[in-house]
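Below is one structure, written out as C-alpha cells; comments come after it.
Chains here go by letter, A, B, C and D, matching the order in which they are written, and residues are numbered from 1 within each.
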Amino acid sequence: MGNILGFFLLHREAVFIVILSIFLGIEVISHVPAILHTPLMSGANAIHGVVIIGAIIVMGHAETTGAMILGFLAVVLGTLNVVGGFVVTDRMLEMFKRKKQ
Amino acid sequence: MDQLSQLQTGISILEITYIIASVLFIFGLKMLSHPLTARRGNTLAAIGMGMAIIATILFHHKDGKPIGNVGLILVAIGIGSIIGWVIAKRVKMTAMPQLVSFFNGMGGAAAALISMMEFPHVSPDLIAKSGMANGHVLAILLGLMIGTVSWAGSMIAFGKLDGRIGDLRIKALKYVNLTILAVLISLIVYIMTRHVQASSELTPLIYIMFIIAVIYGVMFVMPIGGADMPVVISLLNSFTGVAAAMGGFLYNNQAMLTGGILVGSAGTILTILMCRAMNRSLLNVIVGVFGGGGQTNMAVTGSVKEISISDAAVLLSYSKKVVIVPGYGLAVAQAQHICHELDKLLEEKGVEVKYAIHPVAGRMPGHMNVLLAEADVPYEQLIESDEINPDLPNTDVLVVIGANDVINPAAEDDPSSPIYGMPIIKARDAKNIIVMKRGMGKGYAAIENMLFYNDKTRMLFGDAKSTLQTLVNEVKSL
Amino acid sequence: MDQLSQLQTGISILEITYIIASVLFIFGLKMLSHPLTARRGNTLAAIGMGMAIIATILFHHKDGKPIGNVGLILVAIGIGSIIGWVIAKRVKMTAMPQLVSFFNGMGGAAAALISMMEFPHVSPDLIAKSGMANGHVLAILLGLMIGTVSWAGSMIAFGKLDGRIGDLRIKALKYVNLTILAVLISLIVYIMTRHVQASSELTPLIYIMFIIAVIYGVMFVMPIGGADMPVVISLLNSFTGVAAAMGGFLYNNQAMLTGGILVGSAGTILTILMCRAMNRSLLNVIVGVFGGGGQTNMAVTGSVKEISISDAAVLLSYSKKVVIVPGYGLAVAQAQHICHELDKLLEEKGVEVKYAIHPVAGRMPGHMNVLLAEADVPYEQLIESDEINPDLPNTDVLVVIGANDVINPAAEDDPSSPIYGMPIIKARDAKNIIVMKRGMGKGYAAIENMLFYNDKTRMLFGDAKSTLQTLVNEVKSL
Amino acid sequence: MGNILGFFLLHREAVFIVILSIFLGIEVISHVPAILHTPLMSGANAIHGVVIIGAIIVMGHAETTGAMILGFLAVVLGTLNVVGGFVVTDRMLEMFKRKKQ
C-alpha cells in the first residue's frame, strides 16, 4: 500500500498526463463517421509506432552483440510499423480524396 | 561546464520536440476523424513522428552518454522503411485490413523486445530501495505482456483475414484463455515479489512469460470468427498503444506516453464504435456467441424464383431508377470494376443508378466505400443506407450483389434473430429485386434470409464477377 | 516514522482527490455543453470542487505543518456560501449576466489577493539560486496582474449591465490602454530582474502593480459597448481561469492548474463562438469599431404604416399560423409573461403559434430561451431561426416584439452594412408583419431597418409590455 | 535563455499538462449549442473558483493579523465565486430542464 502510494506521489504528473490523454483520445475521435473507421484505425496504428523511440534508445545503448541484434530487430519492426502505417493510411485516404471532387 | 550546458540545451530541445510531436499526434488524430482533413492529419502525425525520431538520435542521452551505434540504427531504419513502404504501396486495396494488422503486430513485437532488453538493466539502486515491486519493473512486464499478446494476436488476425488460418470454434477455449491470463498475471506478481539484488537474476522468467503471452495471443484470437477481425484488430491496435505507453513510463518519455495512451484510448472507443455499427457488444465479439450460426424462428414460406441474364438486362435497361446494394460477395469476387462498368452502361441509357452503402457491408468499416472508390465510382453515387431507404419505394430495380445480412428483413421482423435491431437497407420496399449470389449460402450472421423468398425477388446465381460480365455484355447488345 | 507515513498517506489522498476533482471538472464541462446532461454536469463539477476544498483543509501540509486557522476558514467559507447562495437564488433571471460577471470578479480578486500575500514569501533559497527571474515569481506576478484586471473589468461590466455605468467612447482610449499594458509588463520585467536577498524588499512594487492593473481593467472595459458585455464577461472569465492556473503553478496543485487552464481555454473558445454567432470578430468587440453607429447606403424608400390594436387583434385571431420574434425590447420591457399569455390565448382560438429564436437576439447568448423559459413557454414552441426560415412563407402573421437587428434585411441586401452576412430571421417572407416597438429607435447595431418600410409591415408603437397587455385584452373581448 | 530552458526542463510535465488541458478545454466544449452559451459560461466561471484552494492554503498558513484578514477576505471571495457560480448555473439549467418534458 505504502509502496503504491509512494509510486503514485512520485509519478503523479505522469499519471495525470495519462488521464488527460485518455480523455483527449476519446474526445478527439468521438465524432468520426463510419467510412473513416478503417483509415483512422490505420492512422492510430502508425502513431503507436512511436515505440520506435524506445527501440532506438535500447539499440543506442546496447553493449553486447545479443542486445545489438535484438535492438536492431526492434528498430526494424518499429520502423515497419511507422512507415508502413503512415503510407498505407495515406493510400486509403488518397482514394477518398480523389472521388470527392 | 560549457559541455554540460550544451548537453542541457540538447535535452531541452529533445523534450520540446517530444511535446511538439505529442501535439502533432493529437492534431493528427483529430484531423483523421474528419473526411476533409483526414489526409493532412495523417501527414501531420507522420511529421511529428519524424521529428521525434530524429531528435532522439541526435539529442538523447543516458547517464551522459549519447546514442551509440548510429550507423546501425540508420541501417535498421532504412531497411524498415523500404520494406514498409513497398508492402504498403504494393498491397491490394482489399487486403488493407490484414496489412494494418501486420503493421500493428510489428509495433507490438518492438514493444516486447524493448521490455525484454530493459528487464535485466533495472537500476540496482531502485531495487535496493523498493525491491522488485517498483514502477519500472511493472512497466517493463506489462509492456512485455501486452506487446507480445498484441503481436501474436495480430499475426493470427492477419492469417485469418488473408485466408491462411481458419477458425477454431471450441467453447471450452474461453476457460482455457482465462486460465492462461491468470497464469500471466500470477507470473507478474511472482516476479515483482522476489527479493533479489539484480533483476537479471530473474531473466529466464521473462522468456517464460514471453512464451505464455504468445500462446495467450494466439488462443485469444483463434476462436473469433474471421469476419470479426476488424474489431479484433482495432482492439489489438489499442493494446499496442498501451504497450508503447509503458515504454513512455520507463523512459519518462512524453512522446511515447502520449502517443501510446492516445492510441490506446482512441482505439478502444473506435472498437466500441465499430461494434455498435454492427449492433453487437464487444464482449459478444470476444467471447464469440455470434458467428457460430444463429437460428431463425421464421418458417420459410414462398419459393425461390430465378431470372435469366437476358430478362435481367432488359429489366435494368428499361428502368428509370436502379439501386445497387454491394456486399461482401462483391469484394470476394473482386467485381467492383465490372460493376461500375454496368452502372456506366445503364447511365448512358438514361437510367439513374445509385449505390446503397450499408455501414457494415463487407468485412471492415467503410469496406464498400474503399472498394467502389478504387473502381472510380463517383462519390455522389454512394448513398448511406439511412438516406436511401425513403427512396426505395420509387426504385424500379434493386440489385443486390453479394450482400445478405445487410438486407435481411429478419432485423426488422424477427425479435429472436441475432441481427434483430440492426438497421438494414429496406430492400423489400423496392418494386423489383434482383439478387446476385453463388447459391443459397448464408451470410456472415449465418441466418436464413426471407428476402430471397419474397414475391418481388428474382435470383441470379453465379459468381458475382462472371455474372456481371455476362450481364454487361447482354446490356451492351440490347 | 509512523507519523511520517501517516503524513505521506494524507498527501497521497490529497493528490488523488485533486486528480479526481480535475476529472470531475472535465466531465462537468463536457456535460455542460449538452442540453440533456448540462445540469448533472454542473453538479458533478460542484462535487469535485467540494472534494478538493475538504481534502485541502484536512490534508494539506506546508513544510510539514497542517492547515491552521481552520475555524476562521470555515467561518469565511460559511459567510461566502450564504451570501453567494442568497444572491444567486434571489436575483432576477434577466440579471444573470451581471451576476456571472460579479462572481467572476470575486474569483479574480481572490487570485490577486493570493498573489499579493505569497509575493513576500518566495523561498530565499530559490532567489539565491536563480534570482528573481524564476517561475514562482512569474506565476505570482501574472496571477496578480490577470486576477486584478479580471476583477476590475468584471466590476465595470457588472455596472454596465446593471445600468449603473455608461459607455465611455473615446477613440484615444485604445492607445492609453496599450500604454498602461506596456507599463504593467515593464513592471513585471523590472521586478524579475532585480537582485535582492528576499522578495519582500520589493513588496511596495506589488501594490503599485495592483493599482495599475485596476486602472487597466477599468479602462479596458469602459469603452466597450454595454451590449458587448456578454462577450467581455466570457473573456474575463477565461482570464480568471488563467489567474487560478497561476496559483496551480505556484502550489504545484493539479486541481487549480487543470481547473484554471480548462476554463481559460474553454472560455476563450466560448468567447470566439459567441462573437461568431454575432458575425463579428473578437478584435472588433475589444477595439469597439462596431456599436459606435454604422451607416447604411440604402436609401429609405416607402413609408411607415401603423396598425391599431383592434385590427391587430383581429388579424392575429383569424390567422392559422403566427410566428413571434422576440428581441432585446421584450427583455427590457419584461414582457415575456404577458407575451406567453397572448400566445396561449391565440392557441385556444386554434391559431398555431411558434417563437423564432435568433441565436443573438437580446443581449446574451440564449437570452430569449432563458427569458421565455422563465415565462413557462413550452420548449417545443421555440424554433431556431435556421429552422423556421423555410416556414415563413406559410406564416400568416409574424409578430416582432422589441427585435430589430435580428430581422434586418440589410444583413442580406447591403454589403456595406456592418451586419452584412449575419444570418437573420427572414421576416419579409411572411404574409403580414406586425412590429411592436416604442418608436423608430434603432437596435444595437444602430442602423436603419428597411423592414419597417416594407409594404407588408404594420407598426404597433408603444412599450412592449403595455402594448401586449392591451392586445391581450382586445383578443379576449373578441 | 539557459534559465528558461532550465525552468522548462524542471516543469516540463506541468507545461505538458497545461497543453493537454488547453486541448481538452477546446475539444470538450466545441460542440456547445448557442442556447447553452450562458449556462456554460456560468459553469466555467464556477470552476475557476478553484482558486479558493489557494486562498485556503494562504489563510491556513497565515501568521500576521494582516495576512489573516487578507486571507479571510480571499476565502470569502473565492467561496462567493464557487457557491454563487454553481447555484446560479443550476438555476439557469433548471429552467431549461423543466421545459423539456
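One rule holds for everything that comes next: contacts are C-beta pairs under 8 Å (C-beta built on N, C-alpha and C of every residue); 3 or more make two chains touch, one makes a residue touch a chain.
All values reported here derive from a predicted model rather than from experimental measurement.
When the C-beta pairs in contact are tallied for A-B and for B-D, the bigger tally goes to A-B. With centres computed as the average of Cα coordinates, no chain lies farther from chain A than C. If you average the Cα atoms of chain A and of chain D, the two centres end up 33 Å apart. Between chain A and chain B the centroid-to-centroid distance comes to 16 Å (mean Cα coordinates, whole Å). Centroids of chain B and chain C (each the mean of its C-alpha atoms) stand 45 Å apart.
Spacing of chain B relative to chain D, judged by their CA centroids, is 41 angstrom.
Those residues of chain D in touch with two or more other chains are numbered 6, 13-14, 16-17, 20-21, 23-24, 27-28, 31.
For chain B, the set of residues touching two or more other chains reads 26, 30, 254, 258. Residue ranges on chain B touching chain A, taken from their complex, read 21, 25-26, 28-30, 32-35, 38-39, 41-43, 45-46, 49, 52-53, 56-57, 60, 62, 65-70, 72-73, 75-77, 79-81, 83-85, 87-89, 91, 93, 96-97, 99-100, 102-104, 106-107, 109-111, 113-114, 116-118, 130, 133-135, 147, 230, 233-234, 237-238, 240-241, 243-245, 247, 249-267, 269-270, 273-274, 277, 359, 364-367, 369-370, 373-374, 376-379. Per the touch definition, chain C reaches chain A in the complex via residues 5, 8-9, 11-12, 15-16, 19, 22-23, 26, 30, 254, 258. Chain D meets chain B in the complex at residues 2, 5-6, 8-9, 12-13, 15-16, 19-20, 23, 27.
Within the complex, the chain D residues that touch chain A are 13-14, 16-17, 20-21, 23-24, 27-28, 31.
By the touch rule above, chain D contacts chain C in their complex via residues 3, 6-7, 10-11, 14, 17-18, 21-26, 28-62, 67-68, 70-100.
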